[in-house]
Each structure stands twice: as C-alpha cells, then as structure tokens.
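In the two complexes that follow, chain A is the common piece, with chain B as its partner first and chain C second.
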Partner chain A sequence: MTAPLVMVLLPAVAAFVGLLVGGASRPAAAAVAVAGPLAALVIAVSLVAQRPWDDPIVDTGFGGALQPLPSATVVDGLAITVALMVCTVATLVQVYSIGYMKHEPRYPSYSAFVSLFTAAMLAVVVAGDLVFLVIGWEVMGLCSYLLIGQNWEREEARQAAVKAFLVTKVGDIGFIIGVVVLIGATATTMIPQAVQAAAADPTVATVASGLILLGVLGKSAQFPFHDWLPDAMAGPSPVSALIHAATMVAAGVYVVARFYPMFLAAPGVLTVMAIIACLSMLGAAAIAVVQTDIKRVLAWSTVSQLAYMVAALAVGSRDAAVFHLLSHAFFKALLFLAAGAVIHSVGSSSLRDLGGLRRAMPVTFATMTIGLLALVGVFPLAGFFSKESVLIAAEHAANGDEVVAAWVGWMVLVVAIVTVTVTAMYAVRLWLLTWTGPRPSPAKGVHEVPPVMYLPLVALAVPTLLFGALALDADALPTWIKATATEPSVGAVALTPELVTIALSVIAVLVGAILGLRASRRQEPDLGRPFLANGLGVDTAYDWLVVRPFLFVVRWTTRFDRHVIGRAVAGVGSGTTGAAEQLQHNYRGDVQRYVSTALTALIVAVVIVLVTVAT
Partner chain B sequence: MTSTWLLPTLLVLPLIGAVVLLVAGVQAERWAVWLGVAVQSFGLLLTLLALVSFNLEQAGSMHFVVDAEWIPELFIGFRIGVDGISLPLVALTSLLGWCAAIYTVRRVPEPGRARGFVGLLLLLQVGMLGTFMALDLILFFVFFEVVLAPMWFLIAFWGTGQRRRAANTFILYTVLGSVVMLVGFLIIMVETGSSDMVVLADGLGAQMSGGAQMAAALLVLGGLAVKTPMWPFHTWLPDAHTAAPTVGSVLLAGVLLKMGTYGMVRIVVPTLPDAMVQIAPYLAAFAVIGILYGAVASYGQHDLKRVIAFSSVGHMGFVLLGISTLSVVGINAALFGNIAHGIITGLLFFVVGGIKDRTGTTSFDRLPRGLYSSAPHLGFLLGFAAVASLGMPGLAGFWGEFLALVGAYEPALPQLSFYRVMLVLAAIGMVLAAAYFLRVLRRVGQGPTPEGPLDDVAADEWLAWSPLIALTVVLGVAPVLVFELTEPAVRVVMESVGGALP
Partner chain C sequence: MHLCLPLLLSVGLFGIGTYGLLVRRNAILVLMSVELMLNGVNVSLVAFDVYWAEALRAGQSLAIFVITIAAAEIGLGLAILLLLYRMRGTIAIDEATDLREGSP
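Now for the complex of A and B:
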C-alpha cells in the first residue's frame, strides 16, 4: 500500500473512529474530524515533492495475482493539484464546523460523514482504476445525501436529500453504463490505458464520453440535471461549501479532465457539452439574480460557474477548466462559509432579514467582499485570471484552433461574456442586500462569529487573493497539471490574459454592477420572476415527465400484481387443493379470474415473441 | 482433501439435533434454544474448517466428496461434495443458520414452543445444506423438498397475519415447481442413464438430443424459477415474507431463494448447454422485467417486509441476468449476487424484525417515524442495510449488479444488441432501487418529532447481526474473497457450455 492510497484511507479511518468515539466525547470527535483531512494534506504535500510529473505515480493498490482489488491509483500533476485543494478546503471546513455545529446534537455523525466524503472525493481524484472511480463517485453521492438530510426533522431537508440522490443517480445510469462500455471495449479497468484505447477508436470514444457525460452533468449540476443543487442548500452551510461548491460538484469537471483525450476524440460530445454549458451558465446566473435566499443565490452561482469549467473543456482547454475549478473552489468555499457565518449570526438566510451587517461582522464582511470580487472577476483576484483563461480558450476555438467548430467557440465566448454581466449583477445585489442598508437593532445581538469560524474565512481569502498570480507565468499551471505519460496530447492554451477579453469583461462587469445596484433597490425584481425562480421550469418538467408517469406505473403495477398475477396464483392454489366449492365457483364463471390468468399468459407470450423477434 | 467425514457431519448434526428435540419431552423447552446454538456453532466451525482446508488451486473440482450407493437399481447414489460454486453458499447457509440460532435464544416468536421452533430450524438447515452439497439429481430433489415442510410450519404456526394462507400458497406453489423440476430430472436420467451431476455436467448431458434437452431444460428451469423467484412466478414471496417470523424471513430470502439460481448454474447450464443457449435470451428478458417490475412494485408497497420482498425479486433478477449471459463474468456475478443478497437481505429482515418487535407493526400506516433518533443504532443499521441493498459501491451489493452489467455488455451469445438493451434497462432498475429504499428511509428513519425512544439494539441482536454487517463491508471492499472460489469453478462449468455456443 502506498502513499496515495493511505491519503484516501486516512479520512475514511477518521470517519470510522469519529463515529466510535463521538458519542462519548465531542472534543475527541472534533479532533479526529480535523486530523483526518489534515493528515491527508500532509501526505499530499509530501507527494508534491516527487514532481516533476514526467512519470505519474502508478500503483496497483492492494494487488494480487488473481483479480486484484480495484484500488489502483494514478497520481499526476492534475490529481495532486486537485487533491491539495480538496484536503485544504476539507480541513478548513472541519475546523469551521466545530463552531458552526456547536449546538448540533448529531455532530459526531455529521463530522464522520464529512470525513467519509473527503475520502471518497480523494478516491475519485487519485483513482487509476475505473471501478475504484465508481466507488468514490457513488460514495460521494451517498455522503451528499446524508449531509443534505442532516436536519431530517425538516420536510424540506428530507425532500432535498432524496432529490439530490435520485437526480444525480439518474445521471449515473449513464456513468455506470459508460464505465461498463469502456471496460468491455478496451478490456482493461486501468484508466490511463482505457482512455488511450478509447481515444483511438472514435465510436467507442463517442459512446463512452456521451454516457459518462450524463453522470458528469448530474454531479456537476448542469442542465437538465441542475435542479437538485439549489435545494441541496437545506444542508448545513459548511457542507454546501465543501460538497456543493468546492469539491463534489467539481468532480464531474475533474472526471472529464481525467478522461480528456477520450473526449477530444469525440467532437460531437464536446459540442453538446458546450451547448449545455451555455444554457447552464447564463440560465443559472439569471436565476441567481431573483433569489431571495443568500445560499440559493450562491448555489445558482455555483451552477453557473461550473458551466464555465464545462465550457472550457468543451472548447478544448483542460488547463483553463482546471484553473477555474481551483480558483472557484477557494472563492466559493469562502463565500459559503461567510454566508454560513451570516446565517449563524442573524439566524436567517433570507435576504429580507439581512442588511447593514458591515460593522457588526467586520471579518466576515471583508472576506466575503474579497470572495464576491473574485466571483465577479475583478483584477487581480483569482477569479479574474481563471475566468479570463476560459474566455481566451473560447476565443481560440472561435478562431478555429480547436477540435470543435468555430461557431461553438463564438457561442461560448458571447454567452460567457454576457454571463459576466449577470454575475456582476447578482453579486453586487447580494453584497448590497447583506452588508449595506440600515443596521439591525442591537436587540438582535448580531455579532462577529468566533475565531474558529472566521479564521478559515481568512485562510481561504489568501488563495482567493493570490492564486491568480499563477497565470502570470504562461507555462506554470499547464506544466504543473500536465501528465505526459498518461495523456500524450492534450491541447494547451496559454492562460495569460489577453487585452481583448480583458476589455470586454471589464465593460461587462461595469454594466452588471450598475444593473445589480438597480436590482438591489427592489426586493423582488420582476424579470420573468416565476419562471426564473422555478429554475427555468425544470422542476415542473420533471414532475410531469418523470415523477407522475412513474407514480402512475407504480400504482398500476401494484394493482396488477395484486389482482392479476396474485389471482392467477390463488387460482393455481385453489385448483390444486381441489376444493369442490372452489371448483364450482370457478365453473360458475369467475370471469375476472379467467381474464387475469389469460392476461398474464398474454404478457408472457408477448415477451417471448418480442425476444424472438429481437434476436 | 480426503476428509470425507466433513460434509456428512455437517448434515447429520442438525438432523440429530432435530430428532433429539422431537423425542425429548416438555422439559426440552428450556434448553432447546441452547441446543440450537450449540449445533449451529459447531456447524459453523466445521464450515470454517472446510473453507480453510479447501484447496483454492483446485476450486473447480469437487472437494470432500462422499459417493455411497443408495438405489443402485436406478443408478441413484448418495453423492455429496462441494466446489467453488457451492462452498460459498454452504458457508452462507451455516452463517445465517448460526445467526438465526443466536437470535432465537431470547426471541422465540409467539406462541413460544421453543422445542418445535428450533427443531424445525435445524431440519431446515439439513435441507438447505444438502441442496448445495448434493451431486445427484434425485438427492438434490430430495433435499430441495426437505426444506418445504419446516418452512411451512414456521410460517403457519409462528407467523403473523394471514399466515395459513401465505404458508399454503408458498407450499403449493413451490411443490408444483419441484414436481415440474422432477419431471425434467427424469427426462435427463432416462435419456442419459445417469443421475450423477458431475458426470452429467462433464459432457454426458450435452450428448442428449436437442429436443430432449429443451424439454428437460424448460421443466427444470420452470421449477427453479418459482424458487428464485423469477417474474411472473414471484407472488408467493411477498405473502410468505409478510407472514413469516423474523428468522423465517431471513432464511427464506437469505438461503431458499438461492437454491433456484444455484440449481441453474449447477445443473441446467452445464448439463443442458444446447437448450440453455437457446433459452438464455428469454431468461434475460424475464430477468430484466423482474428487475424493473420488482423495483416499481416495491415502491408501491405500504409494508416494510413487502418492500424488501419485492426488492428481492429485483435483486434476483440481476442474478438471473448474470446467468443468462452465459459468460464467465456474468455467472461469477450471479454467484456473487447470491451471496451478497443473502447477507444483506438477511440483515434487512433481521432489522425489520427488530422494528416489528418494538413497534408491533411493519406497516407504513402505523409505523412511528424518526427511527434515527428514537433508536439511533437500529436506525443506523436500517440505513446501512438499505444502502447496501441499493447497490452502493464499496459494499457487497454492488459487485453482483455491476458485473452482471459487464457480462451483459459482452454475453457469450450472438444476440449482442439485445443484451445491450437489457443492460440499459437493468441499469435503470438500479436507480429505481435507490428510489424505493430512500422512500423507506424517509418514511421510517427520518421524520418529525419521534413519539418517544424505543429500545435500541440489544447485545444478543448485535451478536447475531454483526457477522452480516462485517461481511457486507468486507465483501464490498474485497470481492476477491468470493471470486477466488467461484472463478475457477465457473470456468469448469463454461467448458461444458463451450461446445454449444455458436
């Protein structure tokens, strides 16, 4: 067993130990909870010492001569970079949770689930084996379900938890089948080899990429699977920060990056990705403008920002996608934790109840402002550089330099710039409604959160401020995250900003800021509000297209089972007992029973005919 | 590898126990449960010994074989033995029997009478173990039938609700099934002049004419399909589960259902390969209908036990799908699915039994909500077992389903595109399974203010359940523990099929 596997297992062990000791001692549970990701972070840092990544660290895990346990890991620059981010955010979130969940009776199980989630996310990041990847992928989904449902006394939380699990699971049908196809078509479960083999065969590449894309859209909350994410805000704020902003939702993007050569061999899939990304990017940003809940604004913003990453992948720039993934992870985790601090202090997440908090919560104010500036993409914060890199990638594609058609590049470029405006609009509105305006009455006792909560904010503000500097050296990040041995040719675009895109986005931000100022004056803007607030009507569509038909089928299957197949069996039973009375009863003509038996026979016959025809 | 005493001892021990309880007087009521524990513990130890001394290099051949004359006039012999296919099931049976015995010590269901209850459990054990050991068609049939009577009594006398009706449906239906199966066996025996399952599987059966193979295969499969149960022969199952006492449900779902799918892999596939190749796509279709139907029907139930019963229809559908691919991966998946379903569903029924003990009901209409807080450990176990059952990767339930899909991607049959459609439909079934289990957890585990604390999991329950909990995790992260047994044996089976494949 080698270091990468230990890195994955330590938080899992922490989860187990935390559950065991948590009941007896809360401080012990907290200590274990923080120790898990921290220890993983130490290992991740030690792995960094082994770069440059001309050869990724490939390890077969618990190998054996026979069918080895699927725990092979591949650690290259991409994996280790994302792993560092995951461990950092997870550690800070665990620290923050000590304060945030102080009065939560179920803290031990809560922190254990967060630890288990961290392990699962790390498994996805370092997985070198397809099945290992699937394990991490699904366990993440489970933890997400458990943590959204943390306050399961509330109907809202129960509902949101089930919704999150099932919607992502629908996408995972595609993901699982995609993995099965990859294994079947390439005869290997090792990701680098499978990806390489699939990339060489356009048919396999298209089918597998398309299917895996479904799972990616589910996890990364992209259209039409985006609807679960805003509801997931029913979970505690630290969970939103870690799982529903920084890591799990980014895992979809990460997996595409991991499989990138295969996706590049399927331009059709990339085009679909671009269209979906544009829809999600602009649509979610527009919805964010009309939200009345601080966390829901951020949730829709996450959908929109993830779409930037998906778009970058679609136009051929993995580097830009990963760049934005990392910088978004820092500033969005910061924003959610800051929002959590506000909610913790005020006791409400509704924008109507907020306002004028600037003086009462100076640290939270300062850090959240930094986070929002990064989100909008203001120089020189991380978000500015990473968003610029996406725009540059789109511009390159528009010039016809990438595998996708030029119109795809143009589409992404235009939508991304318009979205910059809308992003500025909702960010400014959020900032104004939270921090400015009349001060809350002192009677409410609004105060700054304790250090255990604000120190993580400060810690996240540092990379939010400085991370963008990576882009100043055009080759720094691309060299760092490139994996020569596993991925022979991945299109690289310089990440340094260019004048045209800078000019465009500065104008976009200014326009958006002015609009945001206007929007914040009205508590409820009327921009097609019902439609937008309803998540572009997807909820209604789901209801009519999936939920209602499903319940209809359930109702009729249950009836069918009781009255048709069940009766047929009862008929067999009574026939076998040979009770004369029953026989007479039958002869008297129990039409329903005849019909039911005949119906079953008919279905069986139809199946047989269908199969015969099909084969 | 010549310890011939091992398997007969495993069979005779519970038989002696049952006889002792039968002849002992009323005073046996006091120590009956302890006799049960003693016998089952000893049996479990013997099974562990068998596992340890089993030669993994030779997992494809029969171990601990006993071959005694029985009815030489009809070339029927008392042949028993285990290989990599049957040994895991023998182990599962011994383990669940032990769990049931421990659980029974303090929890003999109404109306008491420990002597009869334990005696029947021991008799049941003989039949279950014998079915997995038998290497002779008639012996297989006999053990297959031995199981029925004790189960009927367990449901009819110690059950609840409409227990008589459920018990009658169960026995009539399965007897009908086994009669059909027996006719199939007779055709094989008449055609080949042998009832030796090893010889039949080793090419003798394949020499039968196509028509005879088809007739025999349809009959035998028909009988086994009732037991599995394959859609649409499943309706006895929900009623039987709802009425059965807790350990009855555990053994019914955990072991009895596996006798059907085991019979398919052990007998039908290698003995009647030509017919099986023809039938396999139909089997796949029924399997997938079962997966979807089981999931949808499960969602529509208002009783915990019925939900799990229908979920079994779906899970066994995956096992059938694996078999129907006739590929090494698919059949291994099926055998793993058998074991995983036995462990997980066994645990589920134990937990649901625990809930019923405490609340007096399994109906959604009357069950109190908020089990997570009224009995946190019990609630945790319900959640754990449900999550395992919905096929969470990393737990035992995942491998059988996932590898059945891998098998369906590349079946050893020419109907490639047909099987791929089945693959997609089966994958949809996995999501539906998540839907009904989350509904259960939402209804029972979660909820507003609970109506007051319930007794949490007691020490004896922990003892009886912990092996199942542990194995759910262990087999989830180390499926190789089962595959190293089944894989070589499946390859042997597939050698017999090889010639029949186009």
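Now for the complex of A and C:
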C-alpha cells in the first residue's frame, strides 16, 4: 500500500472517525473533518515533490488478504494536478463549514459525508483499476444524495436529493455498461492498458466511449441530464461549492480526460459531445440570466462552464479542458462560498432580498467580485486564460487541425463566444443585484461573516487571481499533465492567448456587461422568460416523455389487474358457488328421483355406445 | 329350450322390478321390486350358465351369491323400515327426505 492509496483512504477514515467521535464532541468532529482532506493534501504535495516522473506511479494496491479488492492506482501528472485541486478545495470547504454549519445539529454526519465525498473523488482521480474507478464513482453518487438531502426536513431537499441520484444514475447505467464493454474487449482492468488497447480499435473505442459519455453527461450535468444540478441547490452552500468545483461535476470531465486517447479514436462521439456542449453552454447561460435565486444563477453557470470543458475535450484539447477545470474549480468554489456567506448573513437566497451589501460585507464583496470577474473572463484572472485556451482549441479545430470536422470547431467557437456575452450578462446582473442598490428589509443590520468563513474565501481568491499565469508559458501545463515524459502531448494546442480570440471575447464581454446592466433593472417578465426559468423545458419534457407515459402504463396495468385478472379469479369462486347453489335444488332427498335420473343417464349412455359401435 | 325364453322372463322380471322401484310409495313394495330385479338377473345368469355349459359353472355360483346377498339385504332393509315406521308412523318413502340439500 503506497502513498496514492493512503491519500484516498485518509479522508474516508476521517469520515468514519468523525462519525464516531462527532456525537460526543463537536470540536473533535470539526478537527477530524479538516484533518482528513488536509492529510490527503499533504500526501498529494509530497507526491508532487517526487517529480519529475518518467512514468506514472503505478501501484497494485492492497496486498495480502485484501488483494482481491480492486485498489490499483495510477498517478500521472493529470491525476496529481486534479488531486491537488480536490484536496485544496475540500480542505477549505471543511474549514468554511465549521462556521457555516455552526447551528446545524447534524454537523458530525455532514462533515463525515463531505470527507467521504472527497475520498470518493480522490479514488476516481487516482484509480488505476476500472472497477476501483466505478466504486469511487458510485460512492460519489451516494454522497451527493446524502449531502443534497442534508436538510431533509424540507420537501424540496428530499426531492432534489432523489432527483440528483436518479438522474445521474440513468447516466451511470451507460457508464457501467461502457466499463464492462471496455474490460471485455481489452481483457484488462488496468486503465492505461485498457485505454491504449481500445484506442487501437475504432469500434471498441466508439462503443465504450459513447457509453461512458452517458455517465459523464450525468455527473457533469450536461444536456439532457442537467436538470438535477440547479435543484441540488437545496443542499447547504459549502456542499454546492464542493459538488460544483472539486467533486461530482469535475469527475465527469476528468474521466474523459483520463480516457482521452480512446475518445480521440472515436470522432463520432466527439462530435456528439460538441453538440451537447454547445446546447448546454448557451442554454444554461441563458437560463442563468432569468434566475431569481443567487445559488441557482451560479448552478446554471456551472452547467454552462462545464460545457466549455466538454467542448474543449470535443475539439481535441485535453490541456484546455483541464486548465479550465482547474481554474473553474477555484473561482466557482469561491463564488459558492461567497454566496453561502451572503445567504448566511441575510438569511435568504432570493435576489429580491439582496442588494446594497457592499459596505456591510467588504471581504465577501471583494472576493466574490474577483470570482465573478474570473467567471466572465477578465484579464488577468484565471478564467480569462482558461476560457481563451478553450476558444483557441476551437479555433484550431475550425482550421481543420484536429480529429473532428471543421464545422464542429466553428460551431463551438461561435457558440462559446456568444456564451461569453451571456455569461457577462448574468454575472453583471448578479453582481449588481447583490451588492448595489437599496438594501431590502431582510438585509438590514447585516454584517461580515466570521474569519473562519471569510479566510477560505481569501485563500480561494489567490489561485483565482494568479492561476492564469500558468498559461504565459505555453508548455507549462501540457508538460505538467502529460502521463509520461515520452508521451506526445495529446491535442498539442498552446494555451497562450491569441489576439483574435482576445479581441472577440473582449467585445463579447463588453456587450454582455451592458446587457446585464439592463437585465438587472428589468423586473417585468418578458417573452421566453418562463421557458428559460424552467430550464429549457427539460423538466416538462421529462414529465411528458417519461413520467406521464409511465403513470399511464401503471394506471392501465392496475386497471387490467383489478378488472380482468382480479375479476377472473373472483369469478371462478363465485361461479362455482353459484352453480352449486343452482344444482342443490335437485337434491330433495327423493330417492326415486335419483334412481330415475341415474337410469335415464344409463340408458342414454348405452344408446350412445351402441350407436357408436354400430357405425 | 331356446335361450330367448328365459331371457324374456328375465327382462320381464327386471322391468316390472324397475317400474315398482320408481313408482311405488310403500317402502315394502319398493324392497319387493328390488327382489324382482335381482331375481330377473338371477334367471339370466342361470340361463347363460346352461347355454355356455362351462366347467366351473360360474353363472350358477354367481346366482347363489346374489341370492345370499339378497337375503341379507332384505333382512337389513326390513329392519330399517321397521325403525322408520316406529319413528314416523309411515313408510311412504317420498316423505323420508331428511337428507335433501338446501332449506329443510
């Protein structure tokens, strides 16, 4: 058992210890909760210190009696980079939760689930064995269910938890079948070997990556599985930060990056990915503009931003996708924690109850502004560089330099730039409605959150500000996340911004900002608003396509059961009884009548026999 | 003697017995009708026995059995009728309908 596996197990152990000691002592639970991800972070840093590696660190996992448990790990540059991000965000979320969940009676179980969630995500990140990957993947689904349903006294929290679980589970069915196909076709459960073997065979690559894509769309909340994510806002804000930044949604994109050679061998799947990404990107951003809840704006923004990563993967640039994954993780965790701080102080998440909080909450204001600027993609924040890298990747694909067709590149490029406009629009609207204007009555007497809550915000603001510098050296990140020193960079697109895309996105941001300014003033509903507010009508579509037909079938099955099968069974009984009641009138105790009947029957029988014999 | 004559006698006895069994109300007459039927059968048994002339004389043996059974039956039957008469003062069999189904 080596360092990567210990890194996965420590938060899991912390989860169980936290559950054991948490009931007795709340500070002990908090200490254990922070210690778990922090210890994992230390191990991740120590693994980084062993760089440069010529090859990934491959480990067969448990030895001895535990040998049959799938626990092989493969740690390469990509895995350790994402693991570092996961541990950082998880640690900060745990610290923040101490303050945010101060009055929550179920804090011990909550923090234990967050630790377990982190452990599951780390398992997905470092898994070298496909079965190990699936275990981490499924535990993550379980934890999301438990954490979204944290406030299970509320009806909407219960429904959101079930919805998140079921919707992602639909995708997971495809994921598991895909993994089984992959194992069956390549006769190995080790991910690097399986991916290599699958990439050599286009049929296997297409089938397996297509099926795995279903699970990815579910976890990463892409169209048509996106509708669970906004409802998941029923969970506490730190959980949202965790789900939207470090775990869950990142897992989907990460798995594609991990299996990337196989996806590159299946251009059809990449084209489907690009179309889905374009739908999710623009659709979710448009929905975010009309939301009236601070967390829902951010949730739809996550769907839109994840679509950028999926689009980057679809146009052949893993580096751009991972770059955006990391920078998005930092600024989106920051945004959710800041939104949580606002909600914590004001006691409402509705944008109508917010406004004019600038002076009351200066630290939250400053950090959230940084986060929103990064989201919009303003120079020189992380979001600017990572979004530029996605645009450049799309531009390269549009020039026909990648495996996908040129029209796919054009589509992604145009939609991505339009989405930049819409992103600026909802970000500006959110910022104006939260921080400026008159202060509504619920926001009276609001003051800054305690340090245990604003320090994580500050800590996340630092990478949000500085992370983009990584792109200044074009080869830095691609070299860093390469699996081996000898491996050629997959989709070798430089991450340094280019003038054309910069110019386009600056114009897009400016247009979006002006539109956002107008959108924030407008209170009246306008055309298309109900449609957008419902999440592009996907919930309605599911209602008509799945729920209603299902209920229809159920209703008719019940009717058939009750009126046909049930009546047939009851009819056999009542029919027999009725026949018996009719027949008993013949039994009058008159022996002579019996005998004459018997004799008549005998004569008839004899006549029949004689006639039969004669003919 | 032709086989036809005893068989005609047999059928006549059996038919008279059957008629009596079905239409008589008096239980003693019903019992007598049963005797007539049995003896009709006996006549045909003996007639066929003579006709076939088997070494084992199965027809005659069976006739002896039937006579024995008939004797026992008439003894039992008369005892039952005696009890019936003591209990009800009548032996009309269409009034002895205690074993009928439905409401008494």
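As a convention for this text, the second predicted complex is superposed on the first by the 527 of 615 C-alpha atoms of A that agree within 3 Å, B and C clash if a C-alpha of one lies under 4 Å from a C-alpha of the other, contacts with A are read in each partner's own complex, and residues count from 1 in each chain.
By definition in this document, contacts are C-beta pairs under 8 Å (C-beta built on N, C-alpha and C of every residue); 3 or more make two chains touch, one makes a residue touch a chain.
Note that the structure is a prediction, hence the values are computed from the model and not measured.
Residue contacts after overlaying the shared chain place A:153 against chain B, while chain C stays out of touching range. When the shared chain is aligned, no partner comes close enough to touch A:206: not chain B, not chain C.
Applying the stated contact rule after C-alpha superposition, one finds that A:301 touches neither chain B nor chain C. By the document's definition of touching, of the two partners only chain B reaches A:180; chain C does not. In the superposed pair of complexes, A:91 makes contact with neither chain B nor chain C. Once the two complexes are overlaid on the shared chain, A:138 sits against chain B while remaining clear of chain C. Touching more residues of chain A than its counterpart among chain B and chain C is B. Of the two partner chains placed around the shared chain by superposition, chain B is the only one that A:557 touches, whereas chain C remains out of contact.
Touched by chain B in one complex and by chain C in the other is not one residue of chain A. Residue ranges of chain A in contact with chain C, taken from their complex: 584-585, 587-592, 595-596, 599. Of all the residues in chain B, the ones that touch chain A in their complex are 168-169, 172-173, 176, 232, 234-236, 281-282, 284-286, 289, 293, 296-297, 299-301, 370, 372, 387, 392-394, 398, 402, 405-406, 409-410, 414-415, 418, 421, 423-424, 427-428, 430-431, 434-435, 438-439, 442, 445-449, 477-480, 483-484, 487. Taken together, the chain C residues at the contact with chain A in this complex read 18, 21-23, 93-94, 96-102. Taken together, the chain A residues at the contact with chain B in this complex read 62, 64, 66-69, 131, 134-135, 137-139, 142, 145, 149, 152-153, 155, 158, 161-162, 165-166, 169-170, 172-173, 176-177, 180-181, 183-184, 550, 553-555, 557-558, 561, 565-566, 568-570, 572-573, 576-577, 600, 603-604, 607-608, 610-611, 614-615.
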